[in-house]
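Some structures to go through are shown next.
The two complexes that follow have chain A in common; it is paired with chain B in the first and with chain C in the second.
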Partner chain A sequence: MILHRRGRTRSYPIAVLLLLLLIASALVPQFFPKNSFLLSVLILANIWAILAMSWDILSGYAGQISFGHSFFFGLGGYTTAFLSVLYGWSPILVIALGGVVAALGGLLIAAPALRLRGPYLSLMTLVAALALDRLLRLLKPEIGIPGAEGAILCIPQCLLTYNTALKYYYSLGLMILIAGALYTLARSRIGLAFEAIRDDEEAAQAAGINTAKYKTLAFAISGFVAGVSGAFYVYHIGSASPSSLLDLEHSIEVIVAAVLGGMGTIIGPIFGAYFLVLVREYLRFLGGWRFFVLFAVALLVLFFVPRGVLPELRLKLRQWLQSGSGQRRNQKV
Partner chain B sequence: MTMKSKTNTIGPILVLDRLTKSFGGLHAVSELSFDVRDGEILGFIGPNGAGKTTVFNLITGVYRPTRGRVLFQGQDISGWPPYRVVNAGIARTFQIPRPFRHKTVDQNVEISTLPNEIFTRYPSRRERRERVLQCCTRTGLCEVCGQDPSQCHDVSSCACRREFPNTLPHAGLRKLEVAKALATEPALLLLDEPFAGLTVAEVEELSELLRDLQREGRTLVIVDHNMRGLMKLVERVVVIHFGTKLAEGAPGEVAQNPVVQEAYLAGSGAGDETA
Partner chain C sequence: MLILGFLISSLYALVAVGFTMIFGVAGVLNLAHGAFVMVGAYLAIWAFVILKWSLPVAFAFAILGVAVIAPLVYRVLIRPIENRTVTVFLATLLLAVLLEQVIILFFSAKPRTDLPPFIQGGFVLWGTSIPYNRLLAGVVALVVIGLLWAFVTRTKTGKAILALSMDRRGAALVGIASHRITLWVWAISGALAAIAGLFITSFLGIQPFEERVSLVIAFSTVVLGGLGSIPGSLWAAFIIGYAETIAQAFAPEARGLASLVILLIVLTIRPQGLFGRAAT
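Coming up: the complex of A and B.
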């Protein structure tokens, strides 16, 4: 067992809340069977949640702040589009391979990243995403959509199903699976090593931790998960293009989502991603204003609860429970 | 073996062999050679800026020596990355405590027990937790966190699980540094000014712990900028100044050494501290 539990950070109220939300999200297609727009939006939210969690394990836990997560998202997405068009393999295999290629991309980035720290590292991830974007725009048009630089249309090869409800369940299942895996990892001794590196790299080395190895691992894991989200995204929209996969705004939005929800919590970024996608898609009547609303809210949250919504909620709930019972809760494991 | 033979019967655990470190044109450490004998407590003294911390950084692999070698238990460890040096059996504490701020006290210690293999069952979680508990109780961290150590049988009930480093007093942070170093199970412990900012009673308590560690067979090197606090604790001192060795010997002799007194008077006007 690499899992180790910590009495003081366990919060049952949050667990109950998550369970209720989980049940609610499983029932959405039952209550809104005709609302395929809602389901599409929620599929998108699940994809963004996966991407935000992948950012969180690398940046929130291991402290390697990535400004170019679209690099991994794009690698996974393009791998998927190529493989499905060229070979027509099964979606599970293709999505997994998308993750593997993005994980290799993570290793590629990690090699130089080990020599860089702080803003230099972040800048490098950003430039890597830009470089991939420009590279893909050079793709020969024969394979892609005429007139669109570097775009690949992969319908019908990469179409999971015409049933939107079913696709929604796939995305929800994948999101929950990844959330569970990353949460377990973050709580394991490996997550603890990540956090040691984040808090003080030199002190982590003095504690005997091979920081280069753990950082490389964080890049590979984060790359894999981000690649899977990119792969699923291509299956969702049926095409891959630099503008849809490698837009730098994705890289920024994913940070906003993770920080709003709560960096270094894995679960918080899911909330952040849902908020982001729901505002973006449901406030369409506001036109361009919806982005302003989104980022203005983000600024307010950053100012008033810089640690993010989930940690704040957890703290408030615990304080409320403690004042209610009037005594310290037993800390048995 | 390349180990230098000394007149004493116990061989050196650590040998610095003409160690030199230059930062650009500045020689922070130059041609420094001395031995640390197995099982001793060595005082490593020098005025501020003499290069003591740089020497620690050279031994622990934070810096790569410009010239010269570091031999640990007969093995050349110069240029090894820090984690390898630690796992070979050399642990260090920092002059200014460097806790992991977002982790609880017990997790701060636990980090020192983590293996570097991704897939391994050794050391098991139970073993690691026992080691954490041991380090917390014997360094007095349980009391610092507000618990009678006799009540602390198991990590899950240990008060160190509830406290974060920012709630600890200064002496508590010093103890945490020692506990973190101890949890790596070192043969050689390098302590960088462990007594700085402690009260007389706290110095005495920590000295007792350090003597205990020596009795267990560990070797200790203690950095300080004056000898007063170390006189009763150490058997031997090495004094450095401007990165070179000034004197070596029993604390009493070295304190009388005119060259040493000169260095302190010229350096910072703190000459009275050496006596």
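Coming up: the complex of A and C.
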């Protein structure tokens, strides 16, 4: 596992498919110019995709299963709300700073987390998210919404644009940028070190990998990306509150998205997140049933397709292509 | 407060012992354990309020129900993926949220307080009023733990459970059918969770998301006591139980918070807990 580098075998059909999907998603506002509901659902999907990828780099790659990813999401979101209301800085700067603060949060968690493993670590992240939630509820900011605990309303300061299509393009661009960066990172030596730590921490250490350094790095990177998604979310909804940013549901949904799409693939969780958000927003008429369906599907996928849907499809596709070319060869002979 | 703390602690002990038994014997951290507590309570509400069965029958039904559901969960869901720790971990988490949704679909997310106390009335001791129901809960919890102890140390199945929790391979070597015993453990653990759920509900009421509080309390208790150690979780249950009672006396909404703080301290200072073996 350590010597063998995955991903050397490139599958062009998948790459072509991704490119087609990309073009299709770029054209969505052209085809549905009036459908602003669809666009804002897709913006949410992009935000959730970023969050799911950030979970994947820490939990899918480095094997540090996080149950409290809303911690980073919330840190990024609150930083954004504060900075945009208090100083009115430009969105790019504010979103980046949201990421930086969340990355610092990642370092903060990494310090005790380095000593913990498996379920203890997961629990630690969960506790961090719950503690931040309680802390923010104590907050009584001057700029807060009266009556709501710890909530900050930042319209119009944190409104990117009234043009939903433009906002959609921003979110799509950000999502693709982050996907590219994380994908490259995952295929680099750093990603390799993460996988080594996930598969066998002692062996990784014995092979000369500074596990403490790489685990801390994983927390910081994951925190940064999750913080960026939280920051963008606040720009999308125009407010920050413990219940919208630190809901435990977010942490669970992110795990569901990654499990569905395929943990440890970076690209898989994007699809998982899209599926999740589309089901959540478009099947509202089903009420609570849609969550039941989502969680049930996730459980079934975990059970029957433990690698996730995307890696499984890729494997099937490759097998099919190979068997196809094999038959052709036989026909020639 | 001393006595109330003792009584609530004994219920926490029930939840925690079940949780730690599954970990000790099956090596599974069952994140759906809180959900078992909740399912027990809702089964009783269903039987008592909707089917209008008498209270003792409803209680028995709920306990038996969870004692059947829990091994079923193990047999159907967990056993095929037993060797993949991360998958099991995520699967029990998903099961927990799935059960929450099922309960919300059938009973709505509103808190239910219509499970009456098992016995009415109470008495006053040194200035604190103690409802008989709480006293009964404490007595039942202690008796159940006592019975469990006798079961584990005296009977053949019980000894097999103990052997399994010490060493899986060694147990297999002396001919213990680990799958059958593990089913037993899940059943016992489910029944203990249900008993605790019934009593907790009859004093505090219940709502679907409540299971997370139960899980956090069980987890903190078990981590404090040392994962897999039954005496450890008993001691820890009393520490956590008193901490919760004292915290609740000052701020009622702090239920679940005291255990979080204790958990955080334990995790950073002594992750293996008071009685635990070093984490591997």
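We take it that the second predicted complex is superposed on the first by the 316 of 333 C-alpha atoms of A that agree within 3 Å, B and C clash if a C-alpha of one lies under 4 Å from a C-alpha of the other, contacts with A are read in each partner's own complex, and residues count from 1 in each chain.
The definition used in the following text is that contacts are C-beta pairs under 8 Å (C-beta built on N, C-alpha and C of every residue); 3 or more make two chains touch, one makes a residue touch a chain.
Everything numeric here is computed off the predicted structure, so don't read it as measured data.
*Asks:* According to the stated criteria, A:F285 is in contact with first (chain B), second (chain C), both, or neither; which is it?
*Replies:* A:F285 contacts neither chain B nor chain C.
*Asks:* Name the contact category of A:F31: first (chain B only), second (chain C only), both, or neither.
*Replies:* The answer is neither, since A:F31 touches no partner chain.
*Asks:* Using the superposition on chain A described above, determine whether A:L116 touches chain B (first), chain C (second), both, or neither.
*Replies:* The answer is second: A:L116 touches chain C but not chain B.
*Asks:* Applying the document's definition of touch, where does A:I65 land relative to chain B and chain C: first, second, both, or neither?
*Replies:* Second partner only.
*Asks:* Once the structures are superposed on A, label A:L217 by its partner contacts, choosing first (chain B), second (chain C), both or neither.
*Replies:* After superposition on chain A, A:L217 lies in contact with chain B alone.
*Asks:* Which holds for A:F303: it touches chain B only (first), chain C only (second), both, or neither?
*Replies:* In the superposed model, A:F303 contacts chain C only, not chain B.
*Asks:* On chain A, which stretch or stretches are contacted by chain B in one complex as well as by chain C in the other?
*Replies:* No residue sits in both footprints.
*Asks:* Help me check something: in the complex, which residues belonging to chain A touch chain C?
*Replies:* Contacts found on chain A: 63, 65, 67, 112, 115-120, 122-124, 127, 130-131, 134, 248, 252, 255-256, 259, 288-289, 291-292, 295-296, 298-299, 302-303, 306.
*Asks:* What residues on chain B touch chain A, complex-wise?
*Replies:* Touching chain A from chain B are residues 60, 62, 81-83, 86-87, 91-92, 94, 98-104, 107, 110-112, 114-116, 118, 125, 128-129, 156-157, 161-162, 180-181, 183-184.
*Asks:* Would you pull the chain C residues touching chain A in the complex into a rising list?
*Replies:* On the chain C side, the touching residues are 29, 77, 80-81, 84-87, 89-91, 93-95, 97-98, 101-102, 104-105, 212, 216, 219, 223, 257, 260, 263-264, 267-268, 271, 279.
*Asks:* With touch defined as at the start, can you tell me which chain A residues reach chain B in the complex?
*Replies:* These residues of chain A touch chain B: 1-2, 4, 6-8, 189-190, 192-193, 195-196, 198-200, 202-213, 217, 264, 331-333.
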